[in-house]
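The letters A, B, C and D name the chains in turn, as written, and every chain counts its residues from 1.
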Amino acid sequence: MTGTIRMDSIFTSVLLHLPAPTAPVVAAVDWHSVLFLLFAGLACGFAIAVVAAENVVRMALYLVFSLAATAGLFFLAGADFLGAMQLMIYVGGTLVLLVFGVMLTAQAPLVSIKPSASDRALAGIAGAALLAVLLAAAVSVDAWRKPGVGEIPSPTATPLGMALVGVRVDDPPAGAPLTGRSGYMLPFEIVSVHLLVVLVGAAYLARAKRRKTPRAIDVLASSDPPSQGAVLAAAVPAVRTTSGAGGKSALLGGGH
Amino acid sequence: MNPVFDLGTQLSGTINDTLVVSLPHFRPELSLAATIVLLLLCRMLPVARLLDSALVALGGVACGLFFAWSDFRGMPGLDWSGSGAAAISGRLELFGGLLAFDSLTAYIRLLLMGFLVLFILFTKVSGIPDREDGADFYSLVLGSTLGMCLMASANHILMVFMAVEMASVPSYALAGLLKGRKTSSEAALKYAVYGAGAAGIMLYGLSLLAGVLGTCHLPTMAKQLAQLAATGMPGGTGLTLAIGGLMVTAGLAFKLSAVPFHFWCPDVFAGAAAEVGAFLSVASKTAAVALLLRVVYGISVPATGESHGLELAALGETRHFITGVIALMAVLTCTLGNLAAYGQTNMKRLLAYSTIAHAGYLMMGVAAAVALAGHNPAAARAAVSAVCFYLGTYLFMNLAAFAIVALLRNSLRSEEIASYAGLIRTNPGIVVATGIVLVSLIGLPPLAGFVSKFLVFASIMEAVTLSAERPLMLILLVVGGLNTVVSLFYYLRVLKVMAFDPPPAERTAEAFPLVSISGALVTALVVPVVTLGIFWSGLYACARLAGAFAS
Amino acid sequence: MAEFLIGFGLPGWLAWTVAALVAAVLLLNVIAGGALVFIWAERKIAARIQDRLGPTRTGGRFGWLQSLADGIKLLAKEDLMPEDADGLLFRMAPYVSFCASFCAFIALPFAFDVVGQRLNVGVFFVVAVLGLEVFGVILAGYASASKWSLFGAMREAAQVVSYEVPLGMCVVLPVMLAGTMDLVTIGEKQSGWFINWYLFHDPFTFVVFWVYVTCAVASVNRAPFDLAEAESELVAGFHTEYSGLRWSFFFMAEYGSMFLVSALAAVLFLGGWNGPIPVAQLLGLSDGTGDSAAYAVRLLGLANLLGKATLGVLLMMWIRWTLPRLRIDQVMTTCLKYCTPIAAVMFAGAMLWQLLLPGGLLPGFSRPAGEIREGWLEGPGGRPAGSAAGGQERVKEPLRGSQAQSAAEAGAGVDSGLATRSPR
Amino acid sequence: MGESILSGTVFAAGISVGPAILPGIFPLAPLLAFNPFTEPVGVIHYMIVGAVMFTAGVVCMALKRNALGVLMGIELVLNGANINFIAFSSPYLRGDGAPTLGLDGQLIALFVILLAAAEAAVALAITLNFYNNHATVDIDRADDLKG
């Protein structure tokens, strides 16, 4: 325990200026388990709250809490870097984006769209069944039911970084097969191409189309009714859809 | 514990593995990635903006095709005579085991690249995308294809998931290509939501499998699984593995549009542009079948080694399970696809159900291959070859079908079957071309579709006689045959409308003549459908080499 | 401290809880006390820049007690909530903001080893948690049921998400130079003369420091990037509808964040707790020479870091009262067209510099030697042992999770979890 | 370890009867015998959290009519899987002799986080596009294509 807990040192060395007594530490409460329970409770509780909530903004908020608590679980499991990444990318990036989307669409009638009671009952039953199956899958493996050995994990940032450039510097875990340990340079590089493509796609969908001169194919009217995004629609090649679907969408389109 | 750790050795090993072993076999993918960057750069520079993005994409893809072809030619044991000399898969593990490079990878990549070349030509002719969207569209298409290439070579759980995501996520955006249209945005939303959900379920299944087996590397997983199976799946691992396996199957089935995960397919095809439909139905399906083969073989057929025989025997039960699941889904998929195609009035929806039905036939072939794997490796190889051959012919058939739909849409402004009525009076050439494609899709001689269907059914027949799955394979055979008969009617109904119904009164525009750029494109796509029905040995030799992956 | 309490016969769990509470309260005081001082400073500085006097009455000529008076006023103020507001979210928002700002302090070192929880991924943790503050603002904007608030929140969301990109790139640069994300080690690697500070490490870090300053100002929503609360257009932006104590929580969060990014800049670029002249080292004092010496050295380090961070906060105030507010498109342009590319190029440049000129241009000033890696070199498997960081023992230390929602569990519980766990 | 204040008094009753009532074949029995305050957690506990999150996500996807709600469900699903991967990778949680993924689990989780971000970006763009065209995010209103 030496040299690690440093808020103590403010107190011990700065304020009290006393050496810490060296009594043996006897604490029967396993704080790791307690913290696990706390974070697990938060993660599960808020996950269920996401399902139960009807207001989409609150759903987003509960999701933030749930995923932040998941980051806590990651820290507890010894995945420090992953915990930080979860907070940074997932909670700080993806969810902000999601909340952004919620804000853009959060008009009064859309904030809480309630599912019907029968849907709810059905989803509840299906969910319970699914949970039972998954729990059975988790519980039935003997090896997973053993308590953790509490082997102290080493910090993972450097081994992760090295693995990402293709060199594995971590020890193979005890009992794991020796083959099949690969470096992860390929996914690290290729995911950048993926992110680029995805950004292009998202930008394409999100940007308003500014066409200077409509093509001949666009001038011919289509049966698709002008929608909310009529500005965008003007530039889209005309393809007549089925008369049935077209009529239906005309009805829907007239509705708003 | 590791032996004495030496960073220098490790690094030089990695560099060697990357530069000398892996990258030379990764050139098609690299050229795709480079083309994507080039496409975006071209848009930034004022001078390069004058360049048509279709040309840039075409250049890059042609490069990729060249590399894929040289890779394929470089495989040992390519035998054009088809005399049955044993082909060798030439299996390599790239990037430290993340990817497998063997004859299947090379073959599927060849198909994908060839498809892309034709596809870009097709989109250039059909006019979607226009110049302004070109760079976006082709970036998405190439990015998605990059993922599909990885699907064909995934050898690691991460790569399985990542490849599926890389292939899918750009496809979601592609489905919403016509972004001002209600149906298109609806199609994109449905595709994205269902696709992401399926990917999530697959990931959970993969996590269970990896957790039980303690590794993420597919061949190692097979080894571990064999060990577990040899000791009788101790401690309830069997249940967990089965649940995990089923969840993975759900994800794969979504990509294959197999029942019961098919419901997105008709809606997406109907809502998205026909061009996107062509891409999804051909490329996406090809890659999905390849990934199915990869995962199924990776898990249930151990790599050759000193204990190969023992492990193969130990995994018999696993293969039985997998065969059962795939065969059941194949039966459902095929039947439902063909039955639902009946009521369709929209050509794209009809082709969507046709795609579903064909996924069913392909899965039958895969089921036969798995059933045979433990009993007769040569027959299993033949079954894989049949599936690969099927994929090759399917490329031309479906691309031609969608091309006809897209080009007719451009001139007739409709994708309804009814609007095709009486086309034979004005455009007999188009009707003949459509007829050839549809008859080939049914699987009637003397067209390409017949040969591929024949090969698959022959493999199932062989599985009936040789494998332990006799009743199941018999069912497959019967269902496959019945389905072919059923499909006859709805394909021929389209032809009947085209040939015998009077043309609609309000039709103003003419369909395109066969002597035009559009007509030339259709001809170029239809000719292989005919020739492959007669001169099929060349493609079959390639497919046989691809089948060698199963050895 | 927990060991100390246990020495008095307290049960372990109680001792750890008390220790955690003390730590939490200490951190809380940094924010609350800091806010008091900084609000007063802001008023004075604003006044001086605008050529007036600022607060002059409460507490004497300089208005020392102005903030305290403000605080009392805020406590006494009626707490209003708009009728259409979403009650739960409206109440929750200030605390979310404040908690995020507060949690980031857990991993911030105030002097060598004086840190709430020394984290192996300290830099990332601080930046990540700081980014969560935006949720409070968004929630406040939404829950207020006011269009001004919502506009402010939307702007904030767009801005913060965008600026995290260049900010992250800037932060990665010192991480690359130090070879670790542990803030304590990063600070320790800059010990010695000021020339060792990463600011002066090479021209690229010097440039990137200013990019960091820009991004940091933007990410804590200070002028000229304070579009979320642009009072000339949006009344008061996201906190238009807030008053009283809840409003003050937003302010505490803002000043806490300002202090935090300044302190982070100090640790990453400005030598952390190491002064420009290594006084302690020249006097022969170090951590090892005895308790009083260690005490003095740490106190000095604490003063150093607080001073640097305060300077950073004052700089932000100076900027605020000098520069006009940017338009939203200018904000985005600054981020995407300037900050991000500059940071990327500087990153590449610093990398090349490390590769080509590892010793630096001035050989006279030697940098602290020793490769600091995170334990994989000193593992048990017969590997060569890496040299230790700053003489500190770096065994594979257990990782204790600690970014709890509140500080209480974060500070302490974890530590004892270890204690219990290790004997197994 | 044994003389825990909490385990000795508060939990003793409930814990000790757990295994007695439930026959050993019922696999949940060891879990009920788990004293959460004094015993170390294992892989199974993380997996339960993962399963609950996954189920919540699936139910969310099936139940919510708001497209953004469905996207939130997807995030939950992916996180459920991620928790599993982390649990399998952790040396802290691994039981004696259990298979473990080591760092691979963390690497996969890392890439899942990245891929989820990419997926969310596209899904969000699609949703906003849908909203532009339909003036709603109610996924049940997306029924033009069921013709």
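Basically, a contact is a pair of C-beta atoms (placed from the backbone, for glycine too) under 8 Å apart; a residue touches a chain by one contact, two chains touch by 3 or more.
Being a predicted model, the structure only gives us computed values, none of them experimental.
*Asks:* Quick check: more C-beta contact pairs at B-D or at A-D?
*Replies:* Comparing B-D with A-D, the pair joined by more C-beta contacts is A-D.
*Asks:* Could you name the chain whose CA centroid falls nearest to the centroid of all protein CA atoms?
*Replies:* Answer for the innermost chain: A.
*Asks:* How many angstrom lie between the CA centroids of chain B and chain D, rounded to a whole number?
*Replies:* Here the centre of chain D sits 32 Å away from the centre of chain B.
*Asks:* Any idea how many Å lie between the Cα centroids of chain A and chain D?
*Replies:* 11
*Asks:* Measuring from the mean C-alpha position of chain B to the mean C-alpha position of chain C, what distance in angstrom results?
*Replies:* 51
*Asks:* How many angstrom lie between the CA centroids of chain A and chain B, rounded to a whole number?
*Replies:* Taking the average C-alpha coordinate of chain A and of chain B, the gap between them is 30 Å.
*Asks:* Going by the contact rule already set, what residues in chain B reach two or more other chains?
*Replies:* 1-2, 5, 158, 162, 165, 169-170, 172-173, 176, 179-183, 188, 204, 208, 211-212, 214-216, 224, 236, 270, 346
*Asks:* Residues of chain C touching 2+ other chains?
*Replies:* 11, 13, 379, 381, 420-421, 424
*Asks:* Any chance you could list the residues of chain A touching two or more other chains?
*Replies:* Residues 28-30, 32-34, 73-74, 76, 78, 81, 85, 93, 97, 100, 104, 134, 136-138, 140, 143-144, 149-150, 152-153, 156, 159, 168-172, 175-176, 181, 184, 187, 191, 194, 198, 201-203, 205, 227, 229, 232-233, 241-242, 244-245, 249, 252 of chain A each touch two or more of the other chains.
*Asks:* Give the list of chain A residues in touch with chain D in this complex.
*Replies:* Answer in residue numbers: 28-30, 32-34, 36-37, 40, 43-44, 47-48, 50-51, 56, 59-60, 63, 66-67, 70, 73-74, 76-79, 81-82, 85-86, 89-90, 93-95, 97-98, 100-102, 104-105, 110, 113-115, 119-120, 123-124, 126-127, 130-131, 134-140, 143-153, 156, 159-160, 163-164, 168, 170, 172-176, 181, 184, 187, 191, 194-195, 198-199, 201-203, 205-206, 227-229, 232-233, 241-242, 244-245, 248-249, 252, 256.
*Asks:* Considering the complex alone, what residue numbers of chain A touch chain B?
*Replies:* Touching chain B from chain A are residues 133-134, 136-138, 140-144, 165-169, 171-172, 175-177, 179-187, 190-191, 193-194, 196-198, 200-205, 209, 211, 215, 217, 220, 222, 224-225, 227, 229-245, 249, 252-253.
*Asks:* Can you list the residues on chain A that touch chain C in the complex?
*Replies:* 1-14, 16-23, 25-35, 38-39, 42, 55, 57-58, 61, 64-65, 68-69, 71-76, 78, 80-81, 83-85, 87-88, 91-93, 96-97, 99-100, 103-104, 106, 149-150, 152-159, 162, 169-171
*Asks:* So in the complex, the part of chain D that touches chain A is made up of which residues?
*Replies:* The touching residues are 1-7, 27-28, 30-31, 36-60, 62-66, 68-69, 71-73, 75-76, 79, 82-83, 86-87, 89-104, 106-107, 109-111, 113-122, 124-129, 131-138, 141, 143-145, 147.
*Asks:* Please name which positions on chain B make contact with chain D in the complex.
*Replies:* It comes out as residues 157-158, 161-162, 165, 169-170, 172-173, 176, 179-183, 185-190, 192-193, 196-197, 199-201, 203-204, 206-208, 210-216, 224, 236, 266-267, 270-271, 346.
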